[in-house]
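In what follows, chain A forms one complex with chain B and a second complex with chain C.
Presenting the complex of A and B:
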């Protein structure tokens, strides 16, 4: 601080007195930060990684707290709502129990606007659609050669195929009970000739089916909610926010329970085999020399073992019969086959650190092996280890999904995201939600762990420390 | 390490982006080049392996799909419908069913059945695929082979109407004692152990197909295992059989009947039971005939394909293991299960396949009795689903068995979408109502047959397709001596009823016996009938003359031809 232009200043004796001891010089400081604080700070700045972290916490909460909040049994089958898409209409009318039908009574009034007089008898409900028609316009003495009944979901134009053949019958009535959904159907009755070939005498009628449930069923499924209901009343079927699968099982409950399996494998397997790899790799790296050579050649051997084959062998060794869960052998197979990759990584790191100057300095100062390992080696490899774990998680989730997809994983009725995909892919075209949701959850989880791993790698990289 | 500092730092970003652009360009060119090269390579390979084409008029060939890989094609051991389908194309026996499902001459020109004997006169121009004539000795050898205990043929009991057959099968007599002889190479005389009116209908079945002794011995135990280990008597021969992948049939040049085998080649290009894959193959015109499943029905309706339906005559049922020490040996346990399973729910709501009928009886709806259908004359008893009763039966069973808790029960099933749905439904229903834990054991076909034979199951999803057109084809299934009685059910009453059904000659007596068998199965809960199968399928419009059969080859292409104008 010099003010050369100002000449008014006159030095006094006090100006030459020494500064008091307690007074410190002005320094520019910032709070001291440990490695972890710094890493956390940089991770927080990475919006994607932070979001992924929250997402992962969210998913774990979803699978762990889910069963307490959404208390529906994932294997309970709601046969009234098979393959329902989310948000489908849930209204249902209470109807009397199904009674077998042996043809129309004599008071049926046949339609006069079609050649067969085809009419709907009674109500068209999801229990049954009953059709009746008259003899075709054949001459006297000619016999009835039978009829063929078709059903389709799409309006028919002239020349179109009639759709799904339901039955060939000699009768003049037909009862359809096959998978009736609350929608419009087009029923066609075609008269057959003597050889059983279709004639050009056919009639198509459009029928809207109403969904019904019997009182007994409604009570059994707890749909009446202790209200007194009577036949003809409208109630609502059980709610399935994510729809149901091919057996009417609740998709949300299955996703929650499936997530438990998928995340369990996805998180525990990498933790275990990375830990094993870290121990193995650090021993090899620390001891070095012939021991290192021997240990690493063994790791090379382990890499060459085929995973799927081991999975099958372990199932046999564990005495896991068909129809039992293969999750445990899956975990063990992963642990005993996938450790070499982290082991190699850690060994490389340790070898590098071993030759660093500060290690030699510590050794000269008399540091023990324990001190060297705990104070220097492990903290310096921690970043690498953490990043490895986060990148191994998605691959483990994928492995689980793949194995369950090919039927090597969980046993029915236990769901896992992979096995749900396997089930859903069969009806991908007609009921896409059965494949979409589990696939979405796998994708989100895998993406979240990948982004988090990416962020962690940047955050934990010691060379990037103190950089903005 | 030299310390070269970046001097042209201003231009380095520019050059970097240019370099990146160049790399990107090179990468794109390389990928495009690679794709082109692969495509060319695939084209070259295509001429060698021949890509599947639904209908190929120029080569007079069609492609189709086989649902399962046949375990082997030894006619004396074959039991499954896929083997039956292939054998129906590559082999011919004494008689066969024609297009109208009437019995018609095949290798036998004419035949006669008397109460004591059946005589077949063989045609002289019938030849094996190596050009040698088919003689009566080939039939005798085949039947003796099927009966030898060491062969272990599950269908040996079909041959029991022949004199001494049963004793040979039990190992009590040598195979040469079989009551069949050949006065000359083209006459076959069969001595019958008991009068059997429909013996001529029975010889249509694969177990009665001929096998030539010198060829059989030359294969050294590998007979039927591969294309080269088979000698063909039918309109087609297997040109190549890639196990688990495909099978190519080609017309047999030595086959005598010009009316059959119009197609030069039948290429079973894929072996899969995957409904979506099958539908996509059909959509892409890779196969000429595709079965529809519940999942792809809507798609087929939307595309407005002409859909056909055919009741294939097969009855499916839940079999119990009646062996010593098994839970399901207990009658009350079986009754408990009988009272919880609603087969109408299964058929109409769960499997949702068109053409299926809820199972009521072992005897399907279409079997003819005395005048009307058997089921009209002898209506099947049914129970109503009643969980209270079921629980009471289960409690009784628990007491009788002295169990604190029921162990897990294994349900053996095949690994296909329909069985998967059914077994999961069964698992849930039994758990919800009875608290039983069911373990699903999905097995591929070969393995499942092996486990069924060895009795390694608690419950079994089984089925039975008719072998000949008489209720007995179902009726004798649960005889104590029948190897197809997988649960080894054994009761003196059942055996006596089956004996009556087999030996009585008057139709009303036999039908009464079948009615009693039906009642016995219901009373003793030998099995639980689940459903009668119907098949819904689509066919390529140019392919004509495909015959769907209840008995024999389920899909028969031997009369099929291509109509290019359709």
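Presenting the complex of A and C:
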């Protein structure tokens, strides 16, 4: 409609112009949507499934891009930080190089609050802890027959054992250099009698060990960051955001590389065996008759094999040579054992589709076998296949984790989430983070694939189409 | 029905034969053998040992002897434990695994039916959301992690109480069985809960429920007599595969809780390449699983008459 003022009531030329082409009548149809577009639309409406999809992409990115962003070698050991929890204190003091010690000098002041006069000489550092004592506690006429030194991490109550026996000595001093960590230690010195049996003359002292590093070591490990540092300065040890494991290896790096192994097996194994199953099942379903019967009986046998037992057997049969990770044998074993279930599923689908009207119509129009299979049968089973693959991923990841857990999985030092769990479980009471992180990653991955599978199943179910 | 049963049994025996054959040839393809573990074997001793275990004969003859023996229920003698019959090993360790497995199945089935029914009753309300969240969690966390965490939990509880409320590991009394059985049954229970829920929700829309409602039956009666009883049917079908899952899942639980079951023994035998024990336990487990599945299928026909008509 053109503009009309109150005065100009007469029609103008524009009133007689043809209507623009794009103006149409009321639309009562909606744009045609293919099956996949419709499925994608419904999947997008499912917030949980969509979130899972993003999560899966995130995890894959984490494992693939991770090595470029976090360039620490997953098998490199940081011996200063063994079994460190994330966020642990990383401060370290630069100390002079280690000097041998030949006992206390004369200016040592012995303690007077314990029977032996036990005292710490110098600073207690992770380099060495030096103790000295006298036999003030022993009465006159009693001679020294030696001492035994113990160390423990826990405060001692009356009647407790003294802990780890370190040494028996005739000397009046002792130097401890055994795997000292920056924590509190309780040292006990017990006097021995003539037969070498412990007497009740004992003294326990608590010592807090400070972490130190020599200048040379600090420079060698690149901790000084090209700044000039002097002895006594505090610097920071290498950063491990997820802590380190029992060998001092970086957890984040291991989680990244372990994720590559776990996700590779978890995604590729189902892809391969479902593909094999699809080929086998569609051949059987399409040919039908005696061939179908024969093929399916064989699949029945294969499906009855106890999966985990044969998985272990196959792993033993393939063996793992030196320097191999054992990922490929695991993949092959899974493909050998797990193809029958998707094969049976696809065969059932094909048998169903074969009876459909559109197949007959297509045949009447002279479609070839190849055309029927590729154009009608496979695309129509695609939804079921996709859902099967998605639900097979968690079980493949679990299988890898299970095998690694019983020591039949990937060979060390190749990490996988399963083998990391296996390592972590041994020290879960003292260092729970070693179990927690890999278990968390496995759980999140499995959860995401399960939720995505649920969403895909609902979205691809043609019966749900157009139903809101 | 008899024809069907017979057919299933014959197929079952064939399957066991297939498993036995696959195991036999698989084991003989393994590089290395149990006899080479001993350092001080001369060629003569080795020949004698091979003769003792029948390893000097051609593979086909060995296979024939092996088939003959297992058809008589004789799995041979262990390689690494001198003069110990594999049958004795199975007899000693399998009952332990079986008890654990039965407890786990009972726990999983009862729990699954109960929780599944509950979620369906409280559909889309908070009990449904909470249980379904726990179910997803139960499916997503690996069993060894659950086992480890529950063990850690037990340690802490015992330390807190000052006495042993429940033992942390080992085997012997009923108290030893509770936690391992629960851990073992957990993932199956989660799976059954999901299944039970969907089957309950499907049944709500059936004609016979509508009939029962229009007859004016009380809600509790509809629930217990019509809904629950029919919803349990699909749960029974998956019990067969569930038994398989629980038997093999038992490996992990047996290792973590130090239970002397057959699963743990099997893992040890694998590590020591104990041919006869591996073959014996695999065939035994395989046969057990195959006939369990058949049993469950027959049971299903007995419970649901509709299946019997057209098996």
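In this section, the second predicted complex is superposed on the first by the 415 of 468 C-alpha atoms of A that agree within 3 Å, B and C clash if a C-alpha of one lies under 4 Å from a C-alpha of the other, contacts with A are read in each partner's own complex, and residues count from 1 in each chain.
Methods note: a contact is a pair of C-beta atoms (placed from the backbone, for glycine too) under 8 Å apart; a residue touches a chain by one contact, two chains touch by 3 or more.
In this text the structure is predicted, and so the values were computed from the model without any measurement.
Residue contacts after overlaying the shared chain place A:429 against chain B and chain C alike.
In the overlay built on the shared chain, the residue A:407 is in contact with chain B and with chain C.
Of the two partner chains placed around the shared chain by superposition, chain C is the only one that A:447 touches, whereas chain B remains out of contact. Using the contact criterion defined above for the overlaid structures, shared-chain residue A:214 touches neither chain B nor chain C, since it reaches no partner. In the superposition on chain A, A:300 makes contact with chain C only, while chain B stays out of contact range. Common to the chain B and chain C interfaces on chain A are residues 407, 425, 428-429.
Within the complex formed with chain A, the residues of chain C that make contact are 11, 14-15, 18-19, 22-23, 26-27, 29-31, 136-137, 139-145, 148, 152, 155, 244, 247-248, 251-252, 255-256, 266-267, 270-271, 273, 278, 281-282, 285-286, 289-290, 293.
Here chain B touches chain A in the complex through residues 274-276, 294-302, 304-309, 344-345, 347-350, 352, 354-355, 410-411, 415, 417, 420-421, 423-425, 427-429, 431-432, 439-443, 536, going by the rule given at the top. Every residue of chain A that touches chain B in the complex is listed here, in rising order: 75-77, 79, 82, 152-154, 160-161, 163-168, 177-179, 246-247, 321-324, 407, 411-413, 425-431. The residues of chain A lying in touch with chain C in their complex are 300-301, 304-310, 312-314, 316-317, 319, 394, 398, 401-402, 405-408, 418, 421-422, 425, 428-429, 435, 439, 442-444, 446-447, 450-451.
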